[in-house]
Amino acid sequence: MPFVSIRITREGNTAEQKAQVIREVTETLQRVLDKAPEKTHIVIEEVDTDNWGYAGETTTELRRKSAGN
Amino acid sequence: MPFVSIRITREGNTAEQKAQVIREVTETLQRVLDKAPEKTHIVIEEVDTDNWGYAGETTTELRRKSAGN
Amino acid sequence: MPFVSIRITREGNTAEQKAQVIREVTETLQRVLDKAPEKTHIVIEEVDTDNWGYAGETTTELRRKSAGN
Amino acid sequence: MPFVSIRITREGNTAEQKAQVIREVTETLQRVLDKAPEKTHIVIEEVDTDNWGYAGETTTELRRKSAGN
Amino acid sequence: MPFVSIRITREGNTAEQKAQVIREVTETLQRVLDKAPEKTHIVIEEVDTDNWGYAGETTTELRRKSAGN
Amino acid sequence: MPFVSIRITREGNTAEQKAQVIREVTETLQRVLDKAPEKTHIVIEEVDTDNWGYAGETTTELRRKSAGN
């Protein structure tokens, strides 16, 4: 009975990519831990770059610096 | 001191329905576990159907198949 | 397709109480939001009082002060 | 290796305020627990007032009553 | 910058199985979404069967009924 | 009405350290976002090193390699 929450930044992830992540993680949990897919729920939570902090800065700021190089 | 997170798909849940869920879950926690309502926080997190996977597929895809029957 | 996480302090909650909370919250989600019980997962996460902070203090400290009154 | 989720109501929090929260919480975890900033992720999850319940009511309703005083 | 939380019931999952789940999910996120492994954190949260409810009952109760068949 | 979840590895964090983190994060939220401490809940969730994956490996394995240098 797994519940998986995947938090990522909201930066152009397509519906196809998200569907593939869901498919593969479900498959991993079934093969490795014997979890039934019909009891496996996976939620992808996309977070604005202003709201994700890493190393003390927002991802918005990190992307700006990185683009400036 | 309860904190409750309720994740559901974003599919037309009304403000009235959400208020009723909040009211009832708060009441359950007070009656069964003796938790004070003024220390009980409940968050409803609505998730796009593209982002909720079940049985290896997105809910968007599951709804499409179900509608096709 | 609801997933519910209920965080409470670990302070002698019995298996019977936890089962009743699970039963009632599942029933609320079914009646108010038309959610199927066989797609409803509820997890109760019990947290040590040293690890739950409220109003800037741990619950351990709050309980000690309250007992001293 | 900390991961911090901060849930607050969505009520006009500015990018500057959110950046400051991220900066300060990262600093606290580094100074008190010796956690490396480059392994510290902080996510701010803003919740609509219709979806945050407190004391059995939505925050929308609480704000309305409070404004009426 | 992904953070993944995987909640499963605590029912004899070995360290090897958990390491394999971590390895595979990290690889999926890198290949499908181009996420750097050194920014990918995955937490496996094991939940006692008394504390995981499904279809309105605890997993403890569901396992007992299933064993009785 | 903030709710903060802080996930860290379980590696000897003392009650004093955890109390200090709770005190400081509550103070940050009050000063920067004007959040009332009596509506601020903070939970510290300590995770076994076998259950925290980083860069595709468990923290147990990472610590072993690091100690071997």
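As written, the chain order gives the labels A, B, C, D, E and F, with residue 1 at the start of each chain.
To be clear about the criterion, a residue touches a chain if its C-beta (ideal position, glycine included) is under 8 Å from a C-beta of that chain, and two chains touch if they have at least 3 such contacts.
The structure displayed is predicted, hence computed values, not measured ones.
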item	value
Chain-contact steps, minimal, separating chain E from chain A	1
Those chains which touch chain D and also touch chain B	A, F
Third chains touching both chain C and chain B	A, F
Between the pairs D-E and D-F, the one where more C-beta pairs touch	D-F
Listed pair (B-C, B-D or A-C) duplicating the A-E contact set, over half by residue number	B-C
Chain whose Cα centroid lies at the greatest distance from that of chain E	D
Chain whose mean Cα position lies farthest from chain C	A
Mean-CA-position distance for chain F and chain E (Å)	20
Chain B-chain F separation of Cα centroids, rounded to whole Å	26
Interface hub residues of chain D, defined as touching at least two other chains	1, 3, 7, 25, 39, 41, 43, 45, 52, 54
Category of the chain touch graph - line, ring, star, complete, other	other
Inter-chain touch pairs (all)	A-B, A-C, A-D, A-E, B-C, B-D, B-F, C-E, C-F, D-E, D-F, E-F
Chain A residues within the chain C interface of the complex	1, 3, 39, 41, 43
Residue numbers on chain C that touch chain B, as the complex places them	1-9, 13, 17, 20-21, 24-25, 28-29, 32-33, 35, 39, 52, 54, 59
Residues of chain D defined as touching chain B within the complex	7, 45, 47, 50-58, 60-61
Interface residues, chain A side, partner chain B - complex	15, 18-19, 22-23, 25-27, 37-38, 40-46
